[in-house]
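Each chain carries a letter (A, B, C and D) given by its place in the written order, and its residues are counted from 1.
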Amino acid sequence: MAEIMSLREAIGTFVRDGDHLAAEGFTHLIPFAAGHELIRQGKRDLTVYRMTPDIIYDQLIGMGCVRKMVFSWGGNPGVGSLHRFRDSIERDWPHRIEIEERSHADMANAYVAGASGLPFAILRGYVGSDLPKHSDRIRFIACPFTGEELAAVPAIKLDVAIIHAQQADRRGNVLLWGILGVQKEAVMAASRAVITVEEIVDELRPAPNACVLPRWVVSAVCHEPGGAFPSYAQGYYERDNRFYLAWDPIARTRETFLAWMQRHVLDTASFAEFRRVHATTAREAA
Amino acid sequence: MAEIMSLREAIGTFVRDGDHLAAEGFTHLIPFAAGHELIRQGKRDLTVYRMTPDIIYDQLIGMGCVRKMVFSWGGNPGVGSLHRFRDSIERDWPHRIEIEERSHADMANAYVAGASGLPFAILRGYVGSDLPKHSDRIRFIACPFTGEELAAVPAIKLDVAIIHAQQADRRGNVLLWGILGVQKEAVMAASRAVITVEEIVDELRPAPNACVLPRWVVSAVCHEPGGAFPSYAQGYYERDNRFYLAWDPIARTRETFLAWMQRHVLDTASFAEFRRVHATTAREAA
Amino acid sequence: MGVTPTETMTVAAARMLRNGTVCFVGIGLPSAAANLARLTHAPDVVLIYESGPIGAKPSVLPLSIGDGELAVTADTVVSTPEIFRYWLQGGRIDVGFLGAAQIDRFANINTTVIGDYDRPKVRLPGAGGAPEIAGSAGEVLIVLKHDRKAFVDTLSFITSVGHLDGGDARARAKLPGKGPTAVITDLGILTPDPVTRELTLTSLHPGATVEQAMAATGWPLRVAPQVAVTPAPEPHELEALRALIRRTEEAHGKAA
Amino acid sequence: MGVTPTETMTVAAARMLRNGTVCFVGIGLPSAAANLARLTHAPDVVLIYESGPIGAKPSVLPLSIGDGELAVTADTVVSTPEIFRYWLQGGRIDVGFLGAAQIDRFANINTTVIGDYDRPKVRLPGAGGAPEIAGSAGEVLIVLKHDRKAFVDTLSFITSVGHLDGGDARARAKLPGKGPTAVITDLGILTPDPVTRELTLTSLHPGATVEQAMAATGWPLRVAPQVAVTPAPEPHELEALRALIRRTEEAHGKAA
């Protein structure tokens, strides 16, 4: 049952070292504030899931929080590589993370299976791809009616899902809209769910059939306005594309990365403070 | 690509004798107008699918349109039995329809599989039920990762889906809201889709993430205001519970049923005319 | 005005729901009981209907499983596949609240046929959502009127699983939920024996007798050594129930 | 102002989309070409992005696959699982429009690694939606710049299937879609030979030569007996493309 609490308390209470964790978002509503808090609290040995790991996962990897990453597309969207991810894979820094690599269709179906309480999902996929050669978790089974061979993949079952949403009410019911990605599925596939929101309102006014996560599938709601920055929250603010561009040179070397993380994340106590520091450093850089 | 046309033309063009057909609706938005038109045009040998076959399916069965029915709950909701269905099963009138009986969870998953282009669906279901003993289309398969036994059921693939919706625009894009049941899945699982609507508007104004069926998955849009009567269309009119109650004695005997169908459906040229006749006969009965 | 057995049954069933419970509600008696719970001691009970509404708060009882009242009062409405996939099979339902045409001593349910499947004496509506609710909900409550047509020695057909042939049969079948934990009738409350899982009369409604219950049961009914008396409906419960029924009749007409 | 090779490539790729085509669009060059088609000869082309927008009509190019501009201009936005399940796997996509880091002579695509998988020389972003787009879309168009780094003799890794090892290999693998039907580069257009399915240079953009194309290809490139010349971009096409790029740069900054 959702409790409204600080992000620090929520991450402290609901995320444990070694957890299987997804901080999902498909360009929209990426939970950056929560990602920073994971880093501040020094979470370790996480198995992290995400269809599109981007900057915040790059930061988690570079700061040594990640043991293994399950993903389908890892990059800085519209810009290029995730340098910390590549440094880990290509040169073992800070350590070599394990990877389990899938396709989007696979992960989307695996989240659905997890949300649906099933142990696996079936899809028509991977034929002709080398990906199954590098995973014992992509198998092929025959349809019991037609004999057709289909890919079978294990469900994603999470200890904790972290997402960002537009609104919650004071009882902890959550509303999100626009590009939804796999966020609902991640929450439904998880034992615990931490949700940061732009706004806490007296009453949600969802459209019919809107994406509402009732408070009894939510562990914590944290009021973090701007908490998806530099991604966007439809109806609240736009994506800060300059941040994504600026991240590329910062992440390229270990030194610039560590200095940035120290100044912006480890030395700040909250995402609000990070935003203030970032406003200053971004002005200086410009 | 959707064409806007009369219901008579749409049923004439897109429904063929022997089709696998679903006229779906879960209490809400039940396509009565289209069902009547199937009867008027004397369609035959249909394999009809529906989670909750109710009065309109009772009429199709009683008028001899149905060869086989695939269903999970057949009744007059809140009232009782489907007498024409029972007369067919129990006493072969007008002929004995074949039945394939499932659970709601099965059919819902089978529609999803059909919409998803898969040959089958898996679910955790049917354990301890006698239903699998009476069907060779409920099988059990093992999860290739955990070994857990799960039910496997064939996908529902339709020749034609028929649904009723609130709105279409002039290009044939369709919008529905409220209780959606499996209507979207039925349309996506079908080769052809005939959709009757309350209203044709210049521009749809869907909420974010609303249920929109783009015109390129729709074959025909037919303007049939009130076409879900006696069920309801949220935002337009309420369910006519009296009709459901009144249906019970009408359907109980073959004679009253046939007389009603003759007067209200076969002798009327359209649903609008049926509504006028029904208004008169209902007044007389009261 | 005296309390009717149906009223006592509905109140007794409503009391079984704790506040905050997430309840998958069947239409008819279960829906009346679940909404009475919501309107009395359990304002935060969450009602989910298979047609898609989550957190429905109807002010009148739905006549059908997909009434508009359910949709407009719900926290949100999802598709029917999502209800069965993410919410029921996903393990989010605490209590499945079911009616039945017939049950046996292990609370297995028949809603399919009476007589031979292929040539039935009576063709019932069929399974609906019950087989998977009975399998996957955390526990199951069953509410139905107590008579020999309903409480039968041998079911013609098991539509939805109760405790199978008793004992640890459910666990051996690897069913996720605990299965039926109570059957609430217009005479009393039956609960499964902790070991054999055979339904046992553990509570009688005021005025009902063990003899009545045994006579209305198609097998030799087990009776607990100490049969409790169901506390009579409280005035506020009766008032809430009657107001609900009155509002419903005004909205739907008498037969609802 | 002269026409750049990238402009010619984008215009040539855009022309491949017929009006009304339902197109599953990758980010970057495919998105530019698909939107140019929509803004010129194919106003009713339907653009679907894997993040969920169906019928997106962005006025500026998205920098990412989930830009808000896609959501607010779409007919509707569905979940990402629904995109892959009901729309792509469900067989509703006419054309999958992909980019690639590398391709081989049978238009198989690598976007995973260069070098050894477990110890890669270059770690690329990975598969994204491409393996299933390549399998299930009615046909596939690929757009990428023509050089030896991209057009390689042997891929380190096949991420997404083209024509496998050629001939009827796709049909034998029971892949639903026809696979790649054209590769549009900044030098010309390659199409699979009808029998062997090996990519064949069938059209050269104005000013490009067969020698250039061969030099930019990491295998002995097949050249059609009659190589067409791609019609040069029309003024209205160039104008639309440049206006689109200008609007995009104003919205996102230069690097978009």
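Note that in this section a residue touches a chain if its C-beta (ideal position, glycine included) is under 8 Å from a C-beta of that chain, and two chains touch if they have at least 3 such contacts.
Note that the structure is a prediction, hence the values are computed from the model and not measured.
Trainee: If every step must land on a chain the current one touches, say how few steps get you from chain C to chain D.
Mentor: 2
Trainee: Quick check: more C-beta contact pairs at A-D or at B-D?
Mentor: A-D
Trainee: Distance-wise, how many Å sit between the C-alpha centres of chain A and chain D, to the nearest whole number?
Mentor: Inter-chain centre distance comes to 28 Å.
Trainee: Rounded to a whole Å, what is the gap between the Cα centroids of chain A and chain C?
Mentor: Spacing between the chain centres: roughly 41 Å.
Trainee: I need the residues of chain A touching at least two other chains; which ones are they?
Mentor: Each of 112, 117-118, 123-124, 148, 178, 180, 184-185, 208-211, 234 in chain A touches at least two other chains.
Trainee: Quick check: what residues of chain C touch more than one other chain, meaning two or more?
Mentor: 71, 77-78, 85, 89, 136, 176
Trainee: If I apply the definition of touch given earlier, which pairs of chains qualify?
Mentor: All touching pairs, sorted by chain label, are A-B, A-C, A-D, B-C, B-D.
Trainee: In their shared complex, at which residues does chain A touch chain B?
Mentor: 117-120, 122-124, 137, 139, 141, 143-146, 148, 150, 152, 154, 177-178, 180, 207-211, 234
Trainee: Taking the touch rule as given, give the residues of chain A at its contact with chain C in the complex, in rising order.
Mentor: Interface residues on the chain A side: 1, 112, 115-118, 173, 184-185, 188, 206, 208-212, 214, 216-217.
Trainee: Which of the residues in chain D come into contact with chain B in the complex?
Mentor: Residues of chain D touching chain B: 20, 22, 46, 54-55, 71, 75-78, 85-86, 89-92, 136, 176.
Trainee: Quick check on the complex: what are the chain A residues that touch chain D?
Mentor: 26-28, 51-52, 71-75, 77-79, 81-82, 85-86, 89-90, 101-105, 108-109, 111-112, 123-131, 134, 148-149, 178-182, 184-185, 232, 234, 238-239, 241-242, 244-245
Trainee: Under the definition above, what is the set of chain C residues touching chain B in their complex?
Mentor: 27-28, 50-53, 63-68, 70-72, 77-81, 83-85, 88-89, 108, 112, 117, 119-123, 125-132, 134-136, 157-162, 164, 170, 173-176, 252-253, 255-256
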